[in-house]
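Each of the next two complexes has chain A plus one other chain: chain B in the first, chain C in the second.
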Partner chain A sequence: MKLKKYLALTRAGIIEALQFRLGSFVIVVGNLLYLIVVYFLWKAIYASAGTDVVNGMTFSDTLIYLALATALFNFMEMYAVWEIGRAIQSGKIVLDLLKPMKYRTYLFWSYSGSFVTNFFMTFLPTFIVVAAVTHGAVHLGLNLLWFVVSVVMAIIINYSIDFIVGTVCLYTESIWGINIMKQVIVLLLSGATIPLAFFPEGFRRAVECLPFQSIYNAPLSILLDAHPEPKKLTMTLGIQLLWCVVMTVISKLFWKVSLRRITVNGG
Partner chain B sequence: MKRKGLGFYLRIYGKILAQDIKSKMSYRADFIISTIGMIFTNISGFISFWILFRSFPGINGWGYYEMLFLYGFSLVALTPVQCLFDNNWSLRMNVYSGDFIKYCFRPINLFFYYQSEVFDIKGLGQLAFGLGTLIYSWTKIGLGFTPLILLKMIVFLITASLVMVAMQNAAAATCFWIQNSFYILDLVTRFKDYAKYPITIFSPVFRFIFTFLMPIAFIAYYPSLVVLRPDSVPLLSWLSPLIAVGFFWLSYKFWMHGAMKYNGTGS
Partner chain C sequence: MSAIIEIRNVTKEFRVLNRREGLRGSIKDLFSRDYKTVRAVDNISMSIQQGEIVGYLGPNGAGKSTTIKMMTGVLEPTSGEILIGGNVPYTNRTRNAQEIGVVFGQRSQLWWALPLIESFRLLKDIYMIGDKQYDSMLELYRSLVDIEPLLHKPVRQMSLGQRTLSDILAAFLHDPKIVFLDEPTIGLDVSMKAKIRTLISALNKEKNTTVILTTHDMGDVDALCQRIVIIDKGKMLYDNDIEHLKGFFGSYRTLKLRIDGDMKASAESIQKELPEFSVSADDEWISVLVDEEKAKVIDVLGKLQSSYRIKDMQLEEISTEEVIKKIYEEGVA
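Our next item is the complex of A and B:
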């Protein structure tokens, strides 16, 4: 019974997303171009490096990693900061707060529809193309299951970070600047633009202590590792779970505290 | 009606600019945060660049400092589109809501009036960052400094800017025909990130595409060859100022064509 109201939001999200098919098409084209650029750039880099393996990653490893990182990005990006920020600026947030559902939950589930559509329209095609182009460099086995588990946790961490940053908008009333800062930090420090393996040693260690690497680096390294050591796998998933809990709690508390000082201009 | 001269337009621009800056300054926190966000973007771009190329002697015959030069060149060349043509981002909303009709009733050039309304000061941070990178790589390569080279530099920076402006204009103008044009504008904006790589890394087919169909090679590669490799400048580099003016003119016509057939929303 409880799940039903959430799934209604999911359904509405799917229908809404299907209204904007052109958007999905342009995203696919954009990704394709990005992948072409990434392909040639890294090919040139590997050609100049003179070895097949750089920092423990082969060319096809790097390509799969970066292609799927983009696909994951499109899949997970929820523009929640924009949504919260706009709701605050326009005063719409008052109506959302009156709904018989927690705002944090409501926002998440109203996005869940686009998870479904993005999965089928951007992630799956990219995955199939990448698996085909690299001639089975993606191992299809138990790692897929762990990958899915890992992605679910990545979504939760990513959403919590978005929500925390969105809450900051209650104080600053600035959206663009806050959002761009978040995006830049997350994309760089999560290993979405460059695999963490390429980072200088000290820098990488520092980044590994932050929650961001659990968003892109963790699921992708699980997917690429055909025969993971049980210890390493448990470590990665465990760290993700830890960040999941920590970030969720922080975002909930922060929202609760911040809500007291909300000011709405008209609306 | 008498044609209005350049002096008239400059005077008008100054007046509109002053108003815009005044209104921006009334949201000081937003302004400061946005500026910091912009600086973050540039720093993160630089860090990615550094991580990528620190362990490689160069790619495709391009040394580290030459790559850095391209990077700085593209940053400086992208400043005008950021500072002067930022209102293109709001075009979609203005057209959708019907507010755009107010621009159609002014007795000055529609395109000029629309673009002059917003001046994005935070682009100046990027300019400073780009200039710093450019000067640093310039001295490291040991290019020397003569008035002629400075003149070349300015001409070709303007060239590069015009290409980017043209691409953005055309992308923004699509909103006169299709509703959800944000994705197209976003896609074109993402192109500019690829402009900083030498076009020679691509295969001939994509070299053609990125030169003639999506002219990102004109944002940094072709123009900077004139300064960077003065002994072997391809014909396309010398032609690039003409091509840029052509592109800009076409995009202007396209934009105006869309604006002229705009009917408003009736509100």
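Our next item is the complex of A and C:
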């Protein structure tokens, strides 16, 4: 019964997203252009390196990784910071707060519809193309199942980070700069723009201790690893789960404390 | 009968940064800790029964919205106590939300890109409205307004009037005990205003919903409210039924006329013809303050029309601002 009210939001989100069909095509075209840039950039990097394998990754390994990372980005990115920031600036947040649902939950489920549409319209086509073009470089087996589990956790972590940054907007009343900063930090440190293997050793170690790598690096490494050692797999998923819990708790607490700011001092 | 809304000695203060002027001032403000306290709502108490329609009036910035936000649970009072159906709204905001409906005239809670019926279905699930209740509510809506053409229209394509109407229907959908309407008729034309007033009044009668209405339009108040609360600068000035207020002010309306020929001279002769009303004139208008208990405006107009050529006329209601001014000047008995 309770799930029904959340799924109703998912359903509305799907219908809403389908109203703007053109948007999805633009995203696909944009992706394509981005991948062309990525292709030539990394071609140049590999050419200047003079070897076929850089940091344990071949050119096609890198390209597959980045193509899938881009697809994953389009699917997972929810622009929640924008949404929260704008709601705060325009005062619309008052109406959202008056729904018989916690704001954090309400916002998440409002977005869930776009996960579904983006999954089918951007991620799946890219994945199929990559799998077909590379002739079996992407293993299709049990790793897909673990990938799905990993992506679900990645979404939760990503949302929590977005929500924390969005909450900061309550204090700053501006969105643009904060959002750009968050975007750059998350994309870089999560391995969405550059595979983590390319980072200098010390830096990479540090990054692996942060929650960001659980968003892109973790699901992609699971997807691309055809025969994972059980120990490594459990480790990756375990770390993700840990961050899931930690970030959810932090974002909830931070919101709870900050909400008092609205209720005490007005929007 | 116990009160559905109970407000006792509620005060709300905001801390506001003292802004300085100019570029230099703005830079200084970045580091400023110079706050001043603004009292938006000052020691207000009232108690409202189930099924009442209460007009909540006051000029802009009087503290109306702040009070409503406190009642809905979005704001926490600095001191005092609010109970909505026995709940403290700001500690049980989510639960309180189930019991109330809200329409802010300037904003919509509907899903912008979706047809109205989808918004209704969504609200049905969010508020966990049973199928039976939902169907009977839609049936009631159909009997009150012509909603069929609206149901399949995306909200973004609606006119302001249609959207306001839809928003009001959406606010009543889960059969809340209280509906807050914040300037629902703002910016609407006369026929839409009338339609919305009829709708609100019908829903209030049918469902015995308590309605708290803020407005600047005395027409809304006349058509809907039995009781009026007036606040200004956060302080409560008046809380009583509308008849009482009317009795206090009489039922005055100002009839303004523009007449061919010398206005001053005409004004004097009109005054002679109508000794019971006060007549004044400026360069543009001759104003006759008509007490409608003594004579109908239309009769006065008819009488004057037989002896003067009237080029233009206006009829002015006594406005909220004038009411408040009068209360300040004379106090309410």
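For the reader, a short list of remarks on this structure follows.
By our rule, the second predicted complex is superposed on the first by the 262 of 267 C-alpha atoms of A that agree within 3 Å, B and C clash if a C-alpha of one lies under 4 Å from a C-alpha of the other, contacts with A are read in each partner's own complex, and residues count from 1 in each chain.
Everything that follows uses one rule, which is that a residue touches a chain if its C-beta (ideal position, glycine included) is under 8 Å from a C-beta of that chain, and two chains touch if they have at least 3 such contacts.
Please read all numbers here as calculations on a predicted model, not as lab measurements.
When the two structures are aligned on the shared chain, A:I194 is found in touch with chain B, with no touch to chain C. Once the two complexes are overlaid on the shared chain, A:S174 sits against chain B while remaining clear of chain C. By the touch criterion stated above, A:G30 is placed in contact with chain B alone, chain C being left untouched.
After overlaying the two complexes on the shared chain, residue contacts for A:A132 are found with neither chain B nor chain C. Counting residues of chain A touched by each partner, chain B versus chain C, the larger count belongs to B.
Shared-chain residue A:A44: touches chain B; no touch with chain C. Shared-chain residue A:V148: touches no atom of chain B or chain C. In the superposition on chain A, the residues of chain A contacting both chain B and chain C are 20. Of all the residues in chain A, the ones that touch chain C in their complex are 1, 4-5, 7-9, 11-12, 15-16, 19-20, 90-92, 94-95, 97-102, 260, 262-267. Of all residues in chain B, those touching chain A in their complex are 27, 29-30, 32-38, 40-41, 44, 47-48, 51-52, 54-60, 178, 180, 182-184, 186-187, 190-191, 194, 197, 201-203, 206, 214. Those residues of chain C that touch chain A in the shared complex are 14-15, 66, 69, 72-76, 90, 93-95, 97-98, 100, 102, 104, 107, 109, 111, 113-114, 118, 121-122, 124-128, 154.
Within the complex formed with chain B, the residues of chain A that make contact are 20, 22-23, 26-27, 29-30, 33-34, 36-37, 40-41, 43-45, 47-49, 54-55, 172-174, 176-181, 184-185, 187-188, 193-194, 198-200, 203.
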